Amino acid sequence: MKSVLTLGEVMLRLSPPNHQRFAQATSLDLEFGGSEANVGAALANWGIQVRHVTAFPDNDLGHAAAAHLRKNGIDDALIQFSRGRMGLYFLEHGAASRGSRIIYDRAGSSFSRFDGAGIDWKEVLKNTDWVHWSGISPAISQEAADLVYRILQAANALNIPVSGDLNYRSNLWNYGKQAHEIMPDLMGMTQVIIAGTRDFNQCLNRDFKTIDEAKSFTFDTLPKLQMIVRTERQIHSASHNDLAAHLYTKDQEQSTETISVQPIIDRVGTGDAFAGGLIYSLLMNKSPKQSLDFALACSVYKHSIPGDVLIASIEEIEEVLRGNSGAIKR
Amino acid sequence: MKSVLTLGEVMLRLSPPNHQRFAQATSLDLEFGGSEANVGAALANWGIQVRHVTAFPDNDLGHAAAAHLRKNGIDDALIQFSRGRMGLYFLEHGAASRGSRIIYDRAGSSFSRFDGAGIDWKEVLKNTDWVHWSGISPAISQEAADLVYRILQAANALNIPVSGDLNYRSNLWNYGKQAHEIMPDLMGMTQVIIAGTRDFNQCLNRDFKTIDEAKSFTFDTLPKLQMIVRTERQIHSASHNDLAAHLYTKDQEQSTETISVQPIIDRVGTGDAFAGGLIYSLLMNKSPKQSLDFALACSVYKHSIPGDVLIASIEEIEEVLRGNSGAIKR
Amino acid sequence: MKSVLTLGEVMLRLSPPNHQRFAQATSLDLEFGGSEANVGAALANWGIQVRHVTAFPDNDLGHAAAAHLRKNGIDDALIQFSRGRMGLYFLEHGAASRGSRIIYDRAGSSFSRFDGAGIDWKEVLKNTDWVHWSGISPAISQEAADLVYRILQAANALNIPVSGDLNYRSNLWNYGKQAHEIMPDLMGMTQVIIAGTRDFNQCLNRDFKTIDEAKSFTFDTLPKLQMIVRTERQIHSASHNDLAAHLYTKDQEQSTETISVQPIIDRVGTGDAFAGGLIYSLLMNKSPKQSLDFALACSVYKHSIPGDVLIASIEEIEEVLRGNSGAIKR
Amino acid sequence: MKSVLTLGEVMLRLSPPNHQRFAQATSLDLEFGGSEANVGAALANWGIQVRHVTAFPDNDLGHAAAAHLRKNGIDDALIQFSRGRMGLYFLEHGAASRGSRIIYDRAGSSFSRFDGAGIDWKEVLKNTDWVHWSGISPAISQEAADLVYRILQAANALNIPVSGDLNYRSNLWNYGKQAHEIMPDLMGMTQVIIAGTRDFNQCLNRDFKTIDEAKSFTFDTLPKLQMIVRTERQIHSASHNDLAAHLYTKDQEQSTETISVQPIIDRVGTGDAFAGGLIYSLLMNKSPKQSLDFALACSVYKHSIPGDVLIASIEEIEEVLRGNSGAIKR
Amino acid sequence: MKSVLTLGEVMLRLSPPNHQRFAQATSLDLEFGGSEANVGAALANWGIQVRHVTAFPDNDLGHAAAAHLRKNGIDDALIQFSRGRMGLYFLEHGAASRGSRIIYDRAGSSFSRFDGAGIDWKEVLKNTDWVHWSGISPAISQEAADLVYRILQAANALNIPVSGDLNYRSNLWNYGKQAHEIMPDLMGMTQVIIAGTRDFNQCLNRDFKTIDEAKSFTFDTLPKLQMIVRTERQIHSASHNDLAAHLYTKDQEQSTETISVQPIIDRVGTGDAFAGGLIYSLLMNKSPKQSLDFALACSVYKHSIPGDVLIASIEEIEEVLRGNSGAIKR
Amino acid sequence: MKSVLTLGEVMLRLSPPNHQRFAQATSLDLEFGGSEANVGAALANWGIQVRHVTAFPDNDLGHAAAAHLRKNGIDDALIQFSRGRMGLYFLEHGAASRGSRIIYDRAGSSFSRFDGAGIDWKEVLKNTDWVHWSGISPAISQEAADLVYRILQAANALNIPVSGDLNYRSNLWNYGKQAHEIMPDLMGMTQVIIAGTRDFNQCLNRDFKTIDEAKSFTFDTLPKLQMIVRTERQIHSASHNDLAAHLYTKDQEQSTETISVQPIIDRVGTGDAFAGGLIYSLLMNKSPKQSLDFALACSVYKHSIPGDVLIASIEEIEEVLRGNSGAIKR
């Protein structure tokens, strides 16, 4: 059984039911989610041993978040219970012409105060086959950036492959550093980067006009980099998107067909489902093209599932790949 | 801050959840709504000072209805608590080939017994910038027709612009009068009329074949009339409609592009959202074309919101106008 | 008033709300359903006198199931309360690329142990105008197969028309018999068969390549057969299907136009709605083409209704036939 | 099997869930109920054949009400679908120091317009073993009073025993008649009267100080009267009541012990459960004391059940009588 | 009409439904509440004109909070929309032996950053008849303490009576000041203090053994003080409490009888209901004893209502005072 | 950290919400539970390492059940996914005079077919500090009885203490064996037996009149037995019970005080909470009296929590022991 380590914040997610606007809600659906743990949950679902590194407050909310991870098959041994508060986000589901809205309320979270110092990460990472991080963590706080740095260093020392989803978000990075001051080092320790042109520009402080420019530059300057992957989304409405994906190695490029998704039950976590599918396929030694197709099918399928997490069997994803999804299975 | 006065019945709305038919329901979602108050709520949301004239029974249901108006930012100072019952309507949400169904149960409502006599409406209307009524009120009872008449007279005396949504409904007008016996006088006191050819035919007892015929006649016979506006809806299914709108002044005609809406979360109140958007734009001195586009975007956006009321910021409507709605806003 | 007798298992249906996967559910929506009783419920809704033959355990669940039938207008006089358990099925509603899933849990049900021996079925069937069965019953157990046999024999003896929906399901037929050992006798007592090529192949142990082959063979070998009807479904996604239907007499063939359904609220019971519409039209002496169109409209309309049962008035179906469904009815 | 006919209005009942006040509700639980039909439902549950005479509007709400009666085992053959509206009542559940509140909204209901003229009630009542009415019907309208009169006349002609629950409510009797103008005739045709001193005073326009005075007078002046029954309720709070009951024949008096009920899940319909239990016992030829005890146990048990209707088996009531209720039954 | 000004934080309240523990919740009921605004809401319900001073973030949550205040009849003109986040609290409802639990998450809230500088509070307070504050505000932040100080100074300057609920909570006061450094000045500007011995000890840094000691000291040292009021609660379980109240003027003492409350639907806000009832009675010039009884009845009644706010009419409170609460009101 | 192994069936539990009867339910709350796993969950909550031995079907329901165990902190490594179905039970919550009802539907479950053969249980039990079983398992099937036998044998071989909750249920034991044919051997391998006189009589085929008789006999005939523990429950109503507990060693007897519980939120699992508390205390080397008191407090506390499982911290239980439960904790 393969073993993956993921790291990042897990937030309590609160969303009005039945397409209500925030102003209408008298109850909020409660979920937990966070980009990297979402990736871990998808992997755990497929029999991968997944450990997630995060920190929660030592109260009922923090322990409920840990229970969520366990329920999804994730090992909770690396969770810290510490000072700070539970990070939250409020999600309003859109429909048709109304886009979904997210209000983050994560300042001062336990995770943001956890820098990973004093832990022997090489010991922790023994027998680990893959490490996954995202650009959200270093954007939250210096401590979280340090945590990622420490873990990636240990992974590199042990020659464990690393994937990173750059996931640049302009409304983060509020602690005094800019992305390009922090991200290049982390990207330099990463074999598989999930990112589009805009992510590269922000994280490297460049002005690439095309993904090809970004690709040339990064493969030239990041010697450990082996693969860039990106998804492409055309938004017809909040309920109807088209999806495709592209994969670049130094010499080659692969693309999927475009898949149309309608209706969209829950848009959140569809990028994480993509990353989960990609990592799984690469761990299973699938070809780049097979991995890319599988990853996109995971993302497509996630759009039909409420919550942050892709809950799906390999067989269900393979049905999407065969194109005969949508029939009743009795 | 601009000040608008709206008048009309507000009903308690009861609808089965989760696309259930009436026969299946074991609970009903509770909302409040009424055409003119829906217009007022949209305007209040945008910072307009809105007062609504209506009457409720002096019981817990009536007071809950008043609280609904306050919650939506509407001033409740002009609400009467009086004899009569709370008007109700039962709404079954359709989907795909199944149209929505409404069962009205409003006979004997407090509003239907409120004629506005004994109130100094000119005093009430001081400092008011706009008055909005609809053809539903005069269709309910002689008292309600008198109420509209009294208020429009005062508005005309004070040179306050008046808009009216003719909204002809054949299953109203049960109190012994026909639309054409009542409506022409009210239309004659109105600057902006929202109506289609059928509305004009019913309200004027004519047989116009085209909106152009109706337009010529009305501009000729109603000297105060400055603008006719109408929406056009093509119904592919209960979940998929196309919308467009047209605006006519004596000399000019403006039209929007057609916008497709799919899925439809709640069809009710989309005409009121249109009226709200139109009045807002006109109050803000936008051009007829800008106003029409804004009004249609409001109507389109309302289709995505459960309940009777457009809850939206100006920025959200402007995103629809820019065509990039549907993306997640973080 | 026409009188119809239907027979078959009715199960308690449990499904996660709000598009949840089974793993996410903390409550399950409770319904009752079964192919033949669904047909009966549609007919009862239209004023047909319907009696349903089934068996339930003599506990609160069994009595709740009987209450469900009564609520839907079905006479409960022929229900047995006996040993065995309540048959269940778990239904996960799909969306977009995710197909719906059904987990049956019906082994050992009261119905599966009910063979109908010792009942004077000719006495029961007096004054009955139609009998409807489906291929699910004989697939459950020898006792259930015997029950169908006994009732069809009595119907044939009284010259009561019989319809049968072959409904072949490979995951049934677990009691030691194969479909082709049981079904031909039952089909031989049936005037109207609802089935596609695959159903005929499985039930007759043949390898027809086309429906025409199947049709020639069956009209030749089943002397009582008067009509074969089948539906055709093109699955774009779990939320979007296209439907058409075909009707074959020995000499003629009728087809409907194709109707697109989007979104699909509940796919289960849409075949039963079709059968219900067909039987109703034939009882009303409509032409084959009229009956086929009405049956397809029933099936289309059912896709918009949660639960197993078509709840619709004749007027509502006729609106679908007229093509102007989807508008609000006030 | 015994056959009972009940008559009276059935209303749609709407109540806020989870102890909310009306002002807080965003959904309302939907039930159906009416004093006499509640009695019928309890009886049907015990295998009595029950037919209920009432009228509903011919719309989806009226048909849903009929389905409610069928679900509860009541024969719907005597239901009229006619003009008028669906009677409603809004129920706010109290707790502790806060009493429950009911807002009736039943004016103009279909039942209030149904006078039963033109129906051969002697034909209808053939083979009926008992007729039950309540004082609510004659309080609603002259038509409803006439309906009761016609049916009681027929019952008397056929020597069918009649029970009546006087149920005096001061906020009814709004149609111009007072109780004492109508009720004495109806009471004169009734064998079993359920009433307390206040009911007798209002219905007979007297000023009895004690039930003994009322008893003497009524047995003297109403020659058909055989039994007076009354319940006694001590209200500690909305969640805690004590109950007892008394039965008087011309010569004898029986009393139950006092039973304490805490908590109260639903207070509505507990008097109807009492009446149902009484009629059942009398039909089963139980002694007055046995009947009174059984009736009180039914009332006690109903306090634990949400909705208007006593849903209970004979065994469950007998456990209350044996005093060992409250244990888990596995 | 009397006019009251209240000031304090309003939080979004999130609580698991149906007695769930936090670990079990998949949705949270959403309410808004805050001690002083709860007082204001009770008063507004009784026709008092109430303005509330607070600050919310300028996002959908903040605007929903303002809508909550408006819905409850509170004037929103003095609400600031500013930087900071929405204060939250998570409430787990207990039962029987399990006490309710509250997790506050209010650090960094908009209210905590609002010091009231730059506002002409004497202008704001013109025509105000009463000002109410609580000890929660000065415990949150220096800014909030300053806000209270500024408003009380203005009230004193205008001779407006002030009430303060000391409400000492040890888990607040985290900003570097202790209660006794801040509270004495604020208490010195207050006419009516609601507090028990422990509150006085903490706020004055004393060690009173009895309320009499505390009373003597405070009346001696706080020249503006006219009245001390305290409630007394005996907790039998989370579902069963006994309540009494005491009122002290310099020379006199009044006490209520003890009232038992069972079951408790929602314990939160019962102290605020008491304060609301007290202020109302004093504004209506009731005697101290009448005021105290009314206040306690308000508190008792609030225990039966979900949410933070007392929603009750004067008549309903008076029924509690008359001791005949708990009966159904039709 | 101590390590405990529990074994037994885990069922899907389905119960109508809001005190509905089965006949009223339109949804069912979904939980998972089983006596021994409930014990394990309580222990895991307190930091004990718990592994549970059971079997589930290899479908979505079985995997959801495993997720439930993980969520509650139980190690899922010893769960078998195999043929058979998911065991179910339907639970109707009672109130006041209406007892709760359970309908089991567990025949043919995966657990009932799992005999534990072929597993090296001594290997499995290495480093285990306690084993807990109940009399439900051997009552289900010969295979389940064999499974318990195999595990207890291994535990005895390794000198691991064993506790067993006899839990005699007459409606089980349907597979041809009687309790006294199977139980004595299992009791003979058990150090701590939880049982009352009736359990001993059924399991040993005796007719003890008192617990003292049973105690003498069992300590004489079961040489490994060290402790008998029993709870005593007085049922005032389904909402109000009194609880006490007694502990017997060969020479001594300990008793708790009686604790009254009102209201009861969920009665199911309260015996399992007792067993969990007992095992925890014994593992922590508490005295018999301390252990008994702690166990009873756990049971009392569980009555306030919905679902099968005691979710409580040690601190919360200790507050019950200190008698000051019921206050709000902020």
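First chain written, first letter: the chains are A, B, C, D, E and F, and each begins at residue 1.
The definition used in the following text is that a contact is a pair of C-beta atoms (placed from the backbone, for glycine too) under 8 Å apart; a residue touches a chain by one contact, two chains touch by 3 or more.
As the structure is a prediction and not an experimental result, all values here were calculated from the model.
Taken together, chain A and chain D share the touching chains B, C, E, F.
At the interface between chain A and chain B, under half of the residue numbers appear on both sides, which makes the contact a different-residue one. The chain with its CA mean position farthest from that of chain A is D. With centres defined by CA atoms alone, the chain at the far end from chain F is B.
A count of C-beta contacts for the chain pairs A-F and D-F puts D-F on top. For the pair chain C and chain D, the distance between C-alpha centroids works out to 41 Å.
Here the CA centre of chain D is 45 Å from the CA centre of chain E. Contacts with at least two other chains are made by residues 17-18, 21, 23, 26, 67, 101, 263 of chain A. Chain B contributes residues 17-18, 259, 261-265, 300-301, 303-307, 311, 316, 319-320, 324-330 to its touches with chain A in the complex.
Contact residues of chain A toward chain B in the complex are 18-21, 23-24, 94-102, 104, 169, 171, 235-241, 263, 267-268.
Of all residues in chain B, those touching chain D in their complex are 14, 17, 21-23, 25-31, 59-61, 63-64, 67, 85-86, 88, 90, 92, 101, 103, 105, 107-108.
By the touch rule above, chain D contacts chain C in their complex via residues 67-68, 70-73.
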